[in-house]
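These are the structures, in structure tokens.
First subunit A sits with subunit B, and in the next complex the same chain sits with subunit C.
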Partner chain A sequence: MFTGFMVNTWIVATVVAVVAGTVGFFVVLRGSSFAAHAVPNAAFAGAAGANLIGASSVGGLLVFAIAGALGISFLSRRGRRDVATALAMVMMLALGALFLSFSNEYASETYSLLFGEVLGVSSSDLLPTAVLAVVAVVAVVLFWRLFLLTSIDPELADVRGVRTSRVELGFLVIVAVVTSMSVPVVGALLIFTLMIGPPAAARSFAADPFVAVLLAVCFSLATVWTAIALSYLTTMPIGFFVGALGATFYLAGRAHAVWSGKRVRAASTPLEKTLRSSMR
Partner chain B sequence: MGGFWSHVVEPGFFQSQTVQVALLVGGVVAAISGVVGVFAVLRGQSFAGHAFGDISAAGGAGAFLLNISPLFGFLGMSLVAAGCMEAIGVRRVRGRDVATGVVLGAGLGTSALFLYFNTTLHSTSGAAISVLFGSLFAISTSTVPAVVASATGALAVVLLLYRPLLLSSVGDDIAASRGVAVRVTGAVFLMAMAATVALAAITIGAILSTALLVGPAATALRMTRRPSTAAVTAAVIGAAATWLGCLLAYDSYYWPPVDHGWPVSFCIVAVILISYLVVEAARSHRFRNASVRDGSEIRAAGVTPHLGAASDGGHDALGTSRTD
Partner chain C sequence: MADPASGMMAGTGPPVLELDGIGVWLSGREVLRDVRFGIGPGEVVGLIGANGAGKTTIIRVVLGLLSPTSGRVLIAGRPRPRRNRSVGYVPQKISLDPEMPLRSRDLVALGLDGHRLGVPLPSRRRRELVDEMLRAVGATHFADARVGSLSGGEQQRVMIAHALISRPKLLLLDEPLANLDLRSEQEVVDLVARIAKDQGLAVLISAHDLNPLLPVVDRVVYVANGHVASGTTDEVVTSSVLTELYGHHVDVIRLHGRILVAASPGLSAERGELEDSIDGATAV
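Our next item is the complex of A and B:
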């Protein structure tokens, strides 16, 4: 399990989990789950397109993921964000269907792009993944306060002259970067799960944003490592284990919140209270 | 003239039985999705609407595994997902986003598992693609009556709930003060939407089910602020886009770059998106002119004449930017 090609898998999956936990914390805080689902779907279309013209698949993923982010941002300037996200996503998926129909791609390759392929990580994937991971984490650290402010109190951000729509676009571009590095390993559908379940659970356990991000990273590492081990032992798809474990973590978080008497309410989780008071 | 039309409508379009079934089922599903979609958009539940499409596909894969009718698989899984979302709490907007995401993630995981079993036990790896992307031109005629009947049932539920739904879309407090059981209304609507989307997903694929739920409804709500007019408009736009898309897909056999047709899903989605963008451009053009002429901002009308006092809430429900 820890030899040969599996070493690459463990390295890449660990990097993906750390980045997904960090960025996912803000996905949950900002209520951007739909966008976090839409961008990987757009990236999937990019992989199909890159395959068609014989370009590198990471390049295709990146171009289409960022195009998806731009599309969402463009459409939501005049319309509800969820509608804009839905429209941008279906257009990208439709393009993906078009590219697939042109290239007569094997179904199994599509399957692995959607649901992930643990055993398919080659040594040449390591460098691009590491570079994109560093870019994403550095960006989150740089814009840390800005992201927190616009997530917790958009009105205060407005008053302070922050262009919230630009911040949202910047955030979506970061999601696009994370997506592009993760799709070859965990697949388009499951990077989404990794960005939602563990961070959502972390939010109910911690009151401090740094602690919450650390917890989110720990939970997502636990999810990914367990999923790889189980997938390796049972040959069942990694996607299933990531999905199931993500949901389990979330339910544990909810149970903890209920048990400790702190019903998670819209703007009054302990975390958001702390943040709100620190912002004022 | 005849030569021109034979280029627009390639010979044999209306004679083909595949096309007839596609036009009939596609039109019905699109119209019903449009009506349900108006409420999905008004209530800010596009994400849930999309999630049902993906999750019900897992049910389709499961049904294939158990060798039962895919219709039950799609419908059952989608309704279970709706129940989970309701139980976790999708009423608050922010919590709803995460709850929907977690249920969707679990659904996708299940989907991966079922497809894996299908691949290893039945060696049908194409299932993922046909379920996700679907094809209007590959509908099996045997499921048509059941699909149309269930979709009409879902539509009937939504129409029965028309008034309470509208009130609670404007604001839960207003609805509650007028005696609407907000929680029950929301739950029943979620179930009806789950059923509609599942039926759309089984006939036309998960991508198109989202496109037809959200696209025509959002377009219609840009054209009119009266919900009843918007519902009818959305149904018409949805059906028209589906038919135009079918026509384009049929014609595309003669288009480059390959000598087989373009996917019908792509054609329909493109028509829907273009119509949305055109209506949006026309609207912003009109608004700009109007505000220059009047020198004042256009005030939105209330959702219905009876809700005059709630016109600000109505503006918000239909409005442009709702951050939360």
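Our next item is the complex of A and C:
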């Protein structure tokens, strides 16, 4: 399980989990779940296109994911955000279908692009993944306060001279970067699970944004590691385990929220107190 | 109509905020015409008018979110720059998910440096400043609670702390009393008045009902049909001034320290808008 190809898988999956947990926290906070679903679909078309012309699939992912992010941002300023997002997504998905129809390795290719491929990670994927991960994490650290401020109330940020639409665009580009590094491992459909499930669960457990991000990363790592191990041992698809575990974390978060609902006003949850005291 | 000059307060130096003949046209319609008033340090001014009278437009112009078609906004005697942190703003309502992982103290800290790049480094000075601000608005006991889980009045306190922590000279509150129960209303009004006096802050509060603000406002700016009348309550809220402002006969009744503004019967039939305009200003 920890030899040969699998070493690459463990490394890349770990990096993906850390970055997806961090960026996913803001996806949930900003209510951008739908965009986080649409951008990977655009990336999917990019990878399909890149395979077709024999180009690097990470390159294809990156170009199309960023184009999708720009498209969503551009259309959102002129219309309803959800409609714009849906439209951008459907266009990209159609393009992906077209590219795949030209390809002669139709079934397996589609399957791994959509659902990921545990054993598909090669040594040459390590560097691009690492570079994209650093870019995404640096961007989140840089925009940390702006992301928080604009997700509370855009006008609040506007009056302080913050260009809210640019912050939103920057955020979508970060989602595109995370997508591009994650699609080869977990697939276009499942990176979405990783960006939503663990962070949505984490926010039920922690009121402090820092602690919530740390928790999201922990949950995300637990999801990915468990999924790889189970997939390896059972030969069942990794996507199934990522999806199921992501949903489990979310349900656990909901249960915790309901359970502690009667003392919502309590300063912080017990788990959070433990975490914070252990951080000192 | 009250003399616009009475909008200039007693005191020294230029007013903190001065609107000089502001006119606004939006999609071919004149929304504001020749709006002029000023606010001096330590003064609380009520911006009173019905929904749709132009209160929010005035606030957006002062905030720099909307460029006026004519006239000037002066802050401390100078034209308003694009980025201005000498203006604190409390929006009418922020809608936060009760589960959003953001505590009162996080929101207040964002008021200090939320527009900056980078992650805030833990600093004692920053924490003390946030604690001091939370104490000033009486929010200490919910400092670590999620903002989304707070009541309307508590959220207002936190938002006021968020707006004030960068030490602005001017504070704008857009309908801070909407959706508040009577007790919270009283508490928020008292809090704002106390801070204004203590810190020499100029405050503009918009409201559709003047009565809850009566104990604290130094002057009122009454908005109707895109026009304003400004001055002390006694100067502005009179039958003759409001009749001229609305363009129809309006009665002003003072009763046990409260002011009731009502259109004369029969007039509302002439122009539908009058009925609406009057409704908002009426205390029943």
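Just so it is clear, the second predicted complex is superposed on the first by the 259 of 280 C-alpha atoms of A that agree within 3 Å, B and C clash if a C-alpha of one lies under 4 Å from a C-alpha of the other, contacts with A are read in each partner's own complex, and residues count from 1 in each chain.
Following the convention adopted for this analysis, contacts are C-beta pairs under 8 Å (C-beta built on N, C-alpha and C of every residue); 3 or more make two chains touch, one makes a residue touch a chain.
Here the structure is a predicted model, which is why all the values come from computation and not from measurement.
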Give one of first, second, both or neither to describe whether A:Thr223 is in contact with subunit B, with subunit C, with both, or with none. neither
Is A:Val141 contacted by the first partner subunit B, the second partner subunit C, both or neither? second
In the superposed arrangement, does A:Val83 touch subunit B (first), subunit C (second), both or neither? first
Check whether A:Leu190 is in contact with subunit B, with subunit C, with both or with neither, and answer first, second, both or neither. first
Between subunit B and subunit C, which makes contact with more of the residues in subunit A? B
Per the contact definition in the header, classify A:Ser182: touching subunit B only (first), subunit C only (second), both, or neither. neither
Once chain A of both complexes is superposed, is A:Gly243 in touch with subunit B (first), subunit C (second), both, or neither? first
Taking the superposition on A as described, I'd like to know which of subunit B and subunit C A:Ala212 touches: first, second, both or neither. second
So in the superposed three-chain picture, is A:Arg160 touching just subunit B, just subunit C, both, or none of them (first/second/both/neither)? second
Please identify the positions on subunit A that touch both subunit B and subunit C, taking each partner from its own complex. 264-267
Sort out for me which residues of subunit A touch subunit C in the complex. 29, 141-146, 148-149, 152-153, 155-162, 202-204, 206-209, 211-212, 257, 264-268
Considering the complex alone, what residue numbers of subunit B touch subunit A? 41, 44-47, 49-50, 54, 88, 92-95, 97-98, 100-113, 115-116, 119, 125-126, 128-129, 132-133, 207-208, 210-211, 213-215, 218, 222, 257-258, 260, 262-263, 265-266, 269-270, 272-273, 276, 280, 284, 320-324
Interface residues, subunit C side, partner subunit A - complex: 63-65, 82-85, 87, 89, 91, 94, 96, 98-103, 106-107, 110, 113-120, 142-147, 149, 162
Under the stated contact criterion, what part of subunit A meets subunit B in this complex? 28, 31-34, 36-37, 76, 78-83, 85-87, 89-91, 93-95, 97-98, 100-102, 107-108, 110-111, 114-115, 154, 164, 187, 189-190, 192-193, 196-197, 200, 236-237, 239-244, 246-247, 250, 254, 264-267
